[in-house]
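Structure incoming, see below.
Naming follows writing order (A, B, C and D), and every chain is counted from residue 1.
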Amino acid sequence: MTLPDFPDVRILVTGGTIDKVHDPRIEAIVFARDGATQIPDILAMGRCHHPVIQKVLLKDSLEFDDADRTAISDAVLAAPETALVITHGTGTMGETARWLADRVQGKTVVLTGAMRPHSLSASDGSFNLGGAVVAAQTLPPGIYGVMNGRVLPAAHLDKNVAAGRFDI
Amino acid sequence: MTLPDFPDVRILVTGGTIDKVHDPRIEAIVFARDGATQIPDILAMGRCHHPVIQKVLLKDSLEFDDADRTAISDAVLAAPETALVITHGTGTMGETARWLADRVQGKTVVLTGAMRPHSLSASDGSFNLGGAVVAAQTLPPGIYGVMNGRVLPAAHLDKNVAAGRFDI
Amino acid sequence: MTLPDFPDVRILVTGGTIDKVHDPRIEAIVFARDGATQIPDILAMGRCHHPVIQKVLLKDSLEFDDADRTAISDAVLAAPETALVITHGTGTMGETARWLADRVQGKTVVLTGAMRPHSLSASDGSFNLGGAVVAAQTLPPGIYGVMNGRVLPAAHLDKNVAAGRFDI
Amino acid sequence: MTLPDFPDVRILVTGGTIDKVHDPRIEAIVFARDGATQIPDILAMGRCHHPVIQKVLLKDSLEFDDADRTAISDAVLAAPETALVITHGTGTMGETARWLADRVQGKTVVLTGAMRPHSLSASDGSFNLGGAVVAAQTLPPGIYGVMNGRVLPAAHLDKNVAAGRFDI
């Protein structure tokens, strides 16, 4: 039996909680000192072997400025793939989605992240990334977020800070 | 801002590795003695609050017979939702998908499972279920599997036993 | 066969990293908002059923003042048991040990803690607490710390901050 | 400040549940196919840097015969250290302890293990090994088990199979 043609998927890493680790020296949740991303570990745990991973940034999205968002949109535009996932902080995921909606045509771009770092165990990162990788392959061109098991178009992608959720 | 209308999703639990636990008394990976399913725990970890969960079976799919598959297809047909996820053992996921393809029309049904039980940590169950919940909402009617970050139509849903994968 | 008489053990909880949790709302490692301690969870994981657990404080030990240390030494003195474990932040574990050495006679008191919170998984808390519970039952009266698989008398109990260790 | 002289500790690995892993191909809890032991990982998690680790066997202790126990007692006798920990299956831990009690003089030997494999997370292995490493340094010469936060002399070391405990 021949498998169907699968679309190529590229994951652009930009940081966010999903990618943070515990630093015992300063008792804080920060990015790894060596600049390593945790996304390959999530994919390995999910036995998901196919995406290309490209680290664009490793920052808290609350600190993103226009230069950061330009780096992200440039990476989306430069990618040979039309199916993209962006791992991103939850704080300004919606802003980046709407930035991309103004600049990207003809590609399916899915932003995702986590409320609890993958490295702490019992994280929502794996569930969310699993959803985003599928959404990037199944949705029509456009900019979306995948959080809480829901697909949110860019215009509706905003964190309910009090609830820590995007789906209400 | 008004959120988009989200489709209702029902998860039918049938067992499989994703739902097994370690039993120290017999040193084995089995279903919980009290018949409890782990799927609510995966959803809670993924901060996914919306699916209705219905336990149909709690069995190893290698032991499924026609009566079991009838129970599954009956549950799909009886469900008021048109978006369904079925958690299932990997051993005969393809057989059940094709059983459903012969009996179900007009619904999007996504089978998923795991190679490592959720309860053991570092499981692929969360990644897979996250993908399946999204796929059930985004794919056109039909029967599919979601494993390894890929969407496989029923006709192509088969485990490569040697590799422990569905995508090759 | 009759089991040997086991000494009674009391665990005094004072806080420290071992007892912290991740708070997604503020992206920080803090004590649980409801004031709950994680020590019962560590004991349950270790299948250790016997110690009495008494919460004295739930604070970062860098913030301890004399009133806090008085509360700890009062609890040690008031305890009916002669075998005590104190879960404690690593920052000033040595200061508290020496405070107790000046005030407590005839009891075996073992301080312990962790560099990584138990709730984050892959923590040293379980290993350390397992050692402390045994040390409290096997050491002669005195004040000790147990960290890194070593028993350190109060006079030698100091964290090497750069290395994050007590045994060098 | 000069640290106290610490005793050298050797850990003899013999297998048992503590050292097993999940094998997705056969859906079972077995020893790693490459013969690797998980004990270094437990020590690393516990930030315990000092013990020498020697793999003697990697077997289920229910399958031990006299040749296996001879290999263990020979390793104890040959070790330059007088403080030894033996990681061991829970099934016949007592038999090995009493075998050693007949053959070893002048050394402190502490057997330990786990009811749930370390590799599955939420295991008692870390708590038990932390206790055993301390007990080997603090107890007088003799053969003991450390399980459930208790020190059990060889004559009293027996698993209550129904309860999955050694301390009742």
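Quick notes on this one:
One rule holds for everything that comes next: a contact is a pair of C-beta atoms (placed from the backbone, for glycine too) under 8 Å apart; a residue touches a chain by one contact, two chains touch by 3 or more.
Because the structure is predicted, anything quoted here is derived from the model rather than measured.
With respect to subunit B, maximal separation of chain centres occurs for C (centres as means of Cα atoms). Subunit A and subunit B have centres, each the mean of its CA atoms, that are 24 Å apart.
Subunit C has its Cα centroid 43 Å from the Cα centroid of subunit B. If you average the CA atoms of subunit A and of subunit C, the two centres end up 39 Å from each other. Among the residues of subunit D, those touching two or more other chains are numbered 115, 121-122, 164. Annotation, chain-chain contacts: A-B, A-C, B-D, C-D (touch as defined at the top). Within the complex, the subunit B residues that touch subunit A are 1-4, 6, 9, 42-43, 45-51, 115, 121-124, 126-135, 137-139, 146-153, 155-156, 158, 164-165, 167-168. Interface residues of subunit C facing subunit A in the complex, by the touch rule stated above, are 17, 20, 22, 24-25, 27-29, 115-117, 119-122, 161, 164.
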